[in-house]
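In the two complexes that follow, subunit A is the common piece, with subunit B as its partner first and subunit C second.
Coming up: the complex of A and B.
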């Protein structure tokens, strides 16, 4: 019963990167997870926790320039609050949060599938490979192919592990500038170079005549607005759209450049890695989370998808001086990804105290790391690549959504950092292979005879 | 022209379900989740039934067309049976979830009533079933080519759409008592633009058989085609 009672409770996430630029306007407590941290935060006012559903955030941001991804756990840290009230209220929000994640994930997958089905560039087999998958897959020999894909996977996963460890080390030693610079570089590449490539291919597919000056204008504007939205401030919807677009672009790159079998094995391996990294006591991601908790500072990944909703506008006025100090002290300046709110919100408690009476619906929304978007879309995109069968794509899509739902449910039960990839990817893989090999012949025979079940 | 066929058949097949979704389900997140979970359960049932069919086919002689046809019919039968089983399983799950939701809600009841859940669940089942049956046909209709150019019927797509609409069945689970579940399924059978309204009986045992009878009707109809 408890399982169902805590249905989609509300969660905190693993935050990955901390941008320590001390932009006074960049810190948005709404998206910070300070409230979600240990109950020992003295300023946290427990009476008003009911207005704070916790958020789920699966941080998974991989810097594009290094071409790898750091899976992040979905973390759930409950602030200590009266159980009953909190459960009631967050239950109401629970389903809403799940839907707030369904929609962007669906959109990303739709973009990827639409591109795959229409633009043939991303499905053309090329001899080019990423340097992370150096072994070529020989289609003639099954054993050799399997072996090479396993080797590719090992290379890729080890690259990912190394990068994650480097990041943890950097974070531990507070090299925030370095991390921030790295992230800016990767999003630059995504927003300018990959989108240029994408646009070029779309134009080729639809035979649209385009001149370079116009193209430069378009790409320039797209890229600059994207950088501003993602790393600084911008309207929430625009920022969400940009995050979805860059996840889709990254997923398309993976779909194009990962060899066939390697892609599937990598998907499986990365969910296992995610599981280990988050749940094992010595896992890098878990260490990251614990470090962030120790320092009592919100780690902000520069790139997570945030669907936060209404802001308590009244908060802008009730800024207390000590909280401003705290903010600077924290140096946990997360960029205000939600944009225009200029809330001062170093401590949840202070805010909550004043806001108790307000009946503005305060919803912190949910967050999901971009890595999750990317890998979900890779799975569905690869399902769409194989042949003209839409059933497989649809099955994988439903499987991933249900996996996401279950992950959020589990998070509500266990109340600790959990990885977000394994369940969805497992379901996705199971459904892909079984639909492709079992269901497809069945449905084809049925459709040929127009029998309906 | 193919685009027109695509959109036309798509709307014939999915119009009612889509509008039901937009107007009744889309606003409420809980219903959307129940819908998708319903689709998932249908998918599971299909998976298992195709596994059985696949094993049967592999174990048999692939040259014997009559046997293959027989196996296909058996596959249909088994698939329908399994769908009903999974429908029941999902119903039990939803009952439990509803109790849980009701227990901790501060209102008197839960956020969603059993009827609504039954409706949404059935819709999910139906949509997924329809999508799986129709979507490949639809995507083919978009492609280049003309239907019936080799002498086959030119009405293939449109009847497929109409049959689908009929069979997508908005199934409603109605719980009338604690230990009896009665499902009402209304199936509209559209045959070559003639509408035949078929109403199933109220006995729970008839529901699966109603589903069966509908499927077998398509078998026999298509035999005549």
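Coming up: the complex of A and C.
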């Protein structure tokens, strides 16, 4: 059973990764597209997962970036039409959207940390590993361990790169059905298999008797409604909830199956890769975006989290196909991404798209890729696993949120696709290692000496 | 997806699909139907498709109540008699609680 699980998991992972690549690309492309098409609308892509919302509205000069940005002055400097009203709206929306992203990211991390702390399954080290991290970490020799974790990282990153390239190729040759099928397969795996495992472990932890008929009903309902909400149409809140749950599940799998040191090195490497893939001219993500822009196509439903509804008041469906698409995408665009995909996406340096609606109603949705969710949660989850106490976990959590704010700020400044991972992960890693090694012993000895500061 | 933005016919079709889909052993889908379309069906001013949406919501609610009753009954029976059923109980169980010595 375990072997089968591992094999299936690895296989699915492969699938997922592929899928996520495609998704990412599509996403990224989308975002980029929107930017070009509507110069007034800065679409920031953060994390490949997020790309998607394509704003094709060109009219709106809305300083979208401003919206994302918290600080007003930044916006003022940049805004092309510094209306007082626009600035005000920008400020108003900026803070609001940052908060709109904080909440899902926080929820995902809370779910992951709560599970880690209560269900011991996810912290038990097994000899099983993903096929992507074939080298075993030997706890006896530091040098050997470091070497193996570096090798693991290289394997994983190269798998991700290959997948991304495959995705770009698939997209270039218009194999949309293939990509769609992959996505669906990935989300099926995540919604059914991983949640089944998760539920089983939770029941075992709490010593609850569960019978197969009820379990089948639960998993069946959860999975099917999830597929419907994510890939088709469903209430926004439910869609968001499913995406958060899916990201948490994927993050938990990573936390369980990635070896200790490899996980940290992989996190760092993926942020670097994200940076490269999004910002370099020859990066796969950038190429994907350019291709999508050339074709002026809507991106297939990607796994991105959409935090708000985008209103298109006054715009009929037929009047502006782009807007309709955009709207559609925004509305139903948040698809749950397979964990792997998200991961890939994350590495791809998804971007966050901020679509500016041209309409009277201003309620922009902020979209964030699922890969970002996953990797943030992996970092915080690992801090909860190995950190020992809550100081480290909280420090990492705060670090990631700060990184997110800064990324949004940068998006507002640069108004182009930026990767969401690097800043947050860097801060997270720095905070984790410094808290673990500096703050914790300090707090411990303060407590030991009963000295309160 | 925001219900405000789509035309009434689409709302009706969506509600109908959710209602029909629930027959595939999906009471959760019926629950989503009820919660999502409740405001549309009962709290909004009347429009052409509203009576039909209302009927779908009511039928979904009915189906949901039936399913909840069935599941509650089964779960109660199972939890109560699981130990007494011996082998059958174990066969039906996904997780068996560990006893205390």
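Just so we're on the same page, the second predicted complex is superposed on the first by the 309 of 453 C-alpha atoms of A that agree within 3 Å, B and C clash if a C-alpha of one lies under 4 Å from a C-alpha of the other, contacts with A are read in each partner's own complex, and residues count from 1 in each chain.
Everything that follows uses one rule, which is that contacts are C-beta pairs under 8 Å (C-beta built on N, C-alpha and C of every residue); 3 or more make two chains touch, one makes a residue touch a chain.
In this text, all values refer to a predicted model and were calculated from it rather than measured experimentally.
Asks: In the overlay, answer first, second, both or neither for which of subunit B and subunit C A:221 touches.
Replies: Second partner only, subunit C.
Asks: Once chain A of both complexes is superposed, is A:209 in touch with subunit B (first), subunit C (second), both, or neither?
Replies: A:209 sits against subunit C, while subunit B stays out of touch.
Asks: Touch check for A:102: first (subunit B), second (subunit C), both, or neither?
Replies: A:102 contacts subunit B only, not subunit C.
Asks: Applying the document's definition of touch, where does A:238 land relative to subunit B and subunit C: first, second, both, or neither?
Replies: second
Asks: Tell me the contact category for A:445 with respect to subunit B and subunit C: first, second, both or neither.
Replies: first
Asks: For A:200, is the partner it touches subunit B (first), subunit C (second), both, or none of the two (neither)?
Replies: Second partner only.
Asks: Taking the stated contact definition, name every residue in subunit A that is touched by subunit B in one complex and by subunit C in the other, in rising order.
Replies: none
Asks: Name, in rising order, each residue of subunit A that touches subunit C in their complex.
Replies: 200, 203-204, 207-215, 217, 220-222, 224-225, 228, 233-236, 238-239, 309, 311-312, 327, 331-332
Asks: For a test of understanding, state which residues of subunit A touch subunit B in their complex under the given definition.
Replies: Its residues touching subunit B are 1, 3-5, 7, 84, 87-88, 91-92, 95-96, 98-99, 102, 388-391, 394-395, 398-399, 401-402, 405, 431, 434-435, 437-439, 441-447, 449-453.
Asks: Please give the residue numbers of subunit B that touch subunit A in the complex, ascending.
Replies: Residue list for subunit B touching subunit A: 28-30, 32-33, 36-37, 39-40, 43, 46-47, 49-51, 53-54, 57, 68, 72, 75-76, 79-80, 83, 96-97, 99-101, 103-106, 111, 128-129, 131-133, 135-137, 139-140, 156, 159-160, 163-164, 167, 214-215, 218-219, 222, 225.
Asks: Subunit A touches which residues of subunit C in the complex?
Replies: Going by the criterion above, the answer is residues 1-2, 4-5, 14, 21, 24-29, 32, 35-36, 71, 74-75, 78-79, 82, 92-98.
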